[in-house]
Amino acid sequence: MVSSPEGYTGGWTRRVGRWLPMMALLAAGIASATPQRIVSINLCADQLLMTLLPRERLISVTHLAADPTQSMMAGQARGVPVNHGRADEVVRLKPDLVVAGRYSQTQTVALLRALGIPVLELDVPSSTEQLIKQMDDLGQRLGVSQTAHIEIERFRRALDELDRSELPNRPLAALYRVNRGTEGRDTLIGELMHRAGMRNVADELGVRRWGTLPMESLLLAQPDIIIVEQSSDRQPAMAHQFLRHPALRRLLAETQTALLDSRDWSCAGPWLTRPLAQLVQTRARWSDALTEPATVQTPP
Amino acid sequence: MNASNQPASVQTPWLWPVLVTTTVALFVASLKVGSAPIPLWDLATGNAGPEAATLSLILAEIRLPRAILAVFVGGTLGLCGAVLQGLLRNPLAEPGLLGASSAGALGAVIALYFGLTATLPLALPLGGIAGAVLGIMLILFLAGRGARPSTLILAGVAVNSLAGALTALALNLAPSPFASLEIVFWMLGSLADRSFEDVTIVLPFVLLGWPILLMLRRPLEALTLGEDVASSLGFDLRHLQLRVVLATGLTVGACVSVSGNIGFVGLMVPHLLRPWVGHHPGRLVAPSALGGAALLLGADLLTRSPVLGQELKLGVVTALLGAPLFLHLLWHLRTRLL
Amino acid sequence: MTLEATSINLTLGGRTILTDASVRVDTGRVIGLLGPNGAGKSTLLRSLAGLEPSAESKRTLDGVAAPTRANREWACKVAYLPQTGDLSWPVTVREVVALGRLPHHTGPWGSQSAQDRAIVDLAMQQADVNSLANRPADALSGGERARVMLARALATEPDYLLADEPVAGLDPGHQLQVMELLRARAGAGMGVLVVLHDLTLACRYCDEVMLLYAGRVVAQGRPVEVLNPDNMAKVFGVRVLAADTPDGPVRIPMARLRENTP
């Protein structure tokens, strides 16, 4: 930068004046550098992008997005070309921007960057605030801030509407995932449980993020509500067999149960209001059953 | 090996009392120890307080089947270890090292992940049995008659590698997305949160196989003097091999299909008990069943120890105990083996 | 009573080991089996014991055809003593000898009766291994182990004993003692077939001698007749010093003959 001998104040306006047209041009350049051809190689990115982007700018999503057993938005993904997350497929699509998951595809991401393709990595949000910030940033980066803000507003309103965290009676809820897993307060589902007015068994076990929930601990905790993850894939695996355990079946028959479809919350996005609504309903059923202790109903 | 001048063959009279007491004590401990201590006596007499119903449920549906499985699986591994060591006249033989367990795991994996168990629930143990039988047949083919001990170990390495690779492949190709994550279970084994359903899967095969194995005492004694003398003493060796293959495959295969691959039990138990039966290969068989049950009960208790933050896999504990013993055996037998 | 195998033909791996060899053991007699190394003596013995399933032959015990598979009753009557005493586990000498009683036990848990123990003690006494009774059998010298294995074979109280070089590696005193023992057992009614290398022992202790050469039985009969200079030259390629002493005949190989190198 050239230093002016006239002193600080006086030369400043002239300097700005000299750079103003340049900056205007730059701004226009940035605006036109808004990516037009966007490829997603991650299921969660697929779903977020399908929510925020106009169809013509999203030129490819993963094959999982179009798989009804994996994604709730399979219908929307129909007609969009699919990829399998491999660098050679991506390169042929000539994208302006690739969106990936931060921890799951490091090799592919590194390779794409080495080939000069810009990649945006999405973190896994561990709270709704982080999700909202992620949607906001995405909106800005992709030039769809308006759509993003509309979605964020809608999401916030729904969250507020469904907020039961101030209710005095807080039932103890246990989240029992496929493969005996559970999640704690520093995860999205943990926060949803809190918002639905529930206490989380994971807190008693000292689990902040992810952990195992042995069946004994589940039984001993004597939860008021059990949230079971239902996997929509019907393929046999050891992961599903714990649900057949006689002790668990007995517990499920005696306790309010919410069956959450894993497609709804395996990815973070504004659709999280659906599982939240389910949790709120379950809590309401529990609360009703307190006053009429005759029957305990589980959803069909 | 043992060059002491004491009468090495006197069977310690307190062998059975010690084994039985230890096993029973560990069984009872398995029922009591866990995320909450269960007061067995209070439960039985009705003094257990408000949590009684839950504790009873935990005891009956979670801890009891788990302890019973530990007895079946541990007993099987001990039994088969003793039998294989007697047949092959090698103290390093056991279902894990020889690849019978991993071959059984392969069979079970194929049966489970490719939908065979949906049509026929018994397909799971049957798959394990088919795998285990093939594994043992392969071992006997590679290193059966009069092979040097080092050949036997190498054959075991080969079968283990092959079975492990095919298992990884099968899990990779399996339709379920969870499959490739579950390889840890199949390779390291676990008895956590098992139910009586698993016990009923294993029970018929244990009932079939254990008697056959226990009756191998005399032929194994005869084999002390080598195959020719054993044959001349009236023992049909082909028939013996057939019984070993069948009974070991049946029991190990069924157990692995439910517990995953748990190694080193069949190595440790006969080795520890051998001096107490005067080194007799035949007398070693029955005590090894009890010893194996006790060992696995103990190892399973360790996985539930509150010292470690999270639950350890059972195969990790048995490997931590067994691998050093394996090294010790190799070191002391190296002149004989290599 | 007779144990015999007729017309044994055995080919292994392309090599013909035995051709039309017949062998017969009567109770009460000691038969010696002699021949050069590789002539097939051990194989002939094993064939008679039923340990060579690929041998085409007819084996009979007192006219009754032998079973094709290992059989307990047969094992009670015929004991086999191999050349090398295999021992897989360090059990005591007494326990090794006791293994000889296995064919007589029925059921999977057959255990030693008082009678068994007495027979075992007697067998150990006869083989002169009493003093070793409680020693681990893997801590013995070669000769001691050979005698222990012999005691094991005797403990079966068989009608026939098939022994492959039972005196190899024994000191002279024990050589004589074992041959005297076999002679005495034959006197008590046992039929003994023994592979020997020592011509003198064969002469002194065998009722009959069979000479094996290249898989065929080339001579059979009384030892002093079979072990004549012609046969010795033809089969062993040696000149033998023959003598008669008050203790019995003596045959000592003295020189190798150039023409015949088997």
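For reference, chains read A, B and C in written order, and residue numbers begin at 1 within each chain.
Criterion: a residue touches a chain if its C-beta (ideal position, glycine included) is under 8 Å from a C-beta of that chain, and two chains touch if they have at least 3 such contacts.
Keep in mind that this is a model prediction, so the values were computed, not measured.
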- Sort the chain contact graph into one of these: line, ring, star, complete or other. line
- Chain whose Cα centroid lies nearest the overall Cα centroid: B
- Task: Return the distance between the CA-based centres of chain A and chain C, expressed in whole Å.
- Result: 85
- Item | Length of the line joining the C-alpha centres of chain A and chain B, rounded to whole Å | 45
- chain B partner contacts - residues on chain A that touch it in the complex: 178-180, 211-212, 214-217, 219-220, 222, 233, 235-239, 242, 244-247, 250-251
- Item | chain B partner contacts - residues on chain C that touch it in the complex | 46, 49-51, 69-76, 78-80, 82, 85-92, 94-96, 99-100, 102-103, 105, 108-110, 134-136, 138-139, 149, 152, 156
- Item | Residues on chain B engaged by chain C in the complex (per definition of touch) | 1-9, 89, 214-215, 217-218, 221-226, 228-229, 231-239, 274, 278-281
- Query: Which part of chain B faces chain A closely enough to touch in the complex?
  - Reply: 34-36, 51, 54, 57-58, 61-63, 112-113, 115, 117-118, 174-179, 181-182, 185, 192-193, 195-197, 310-311
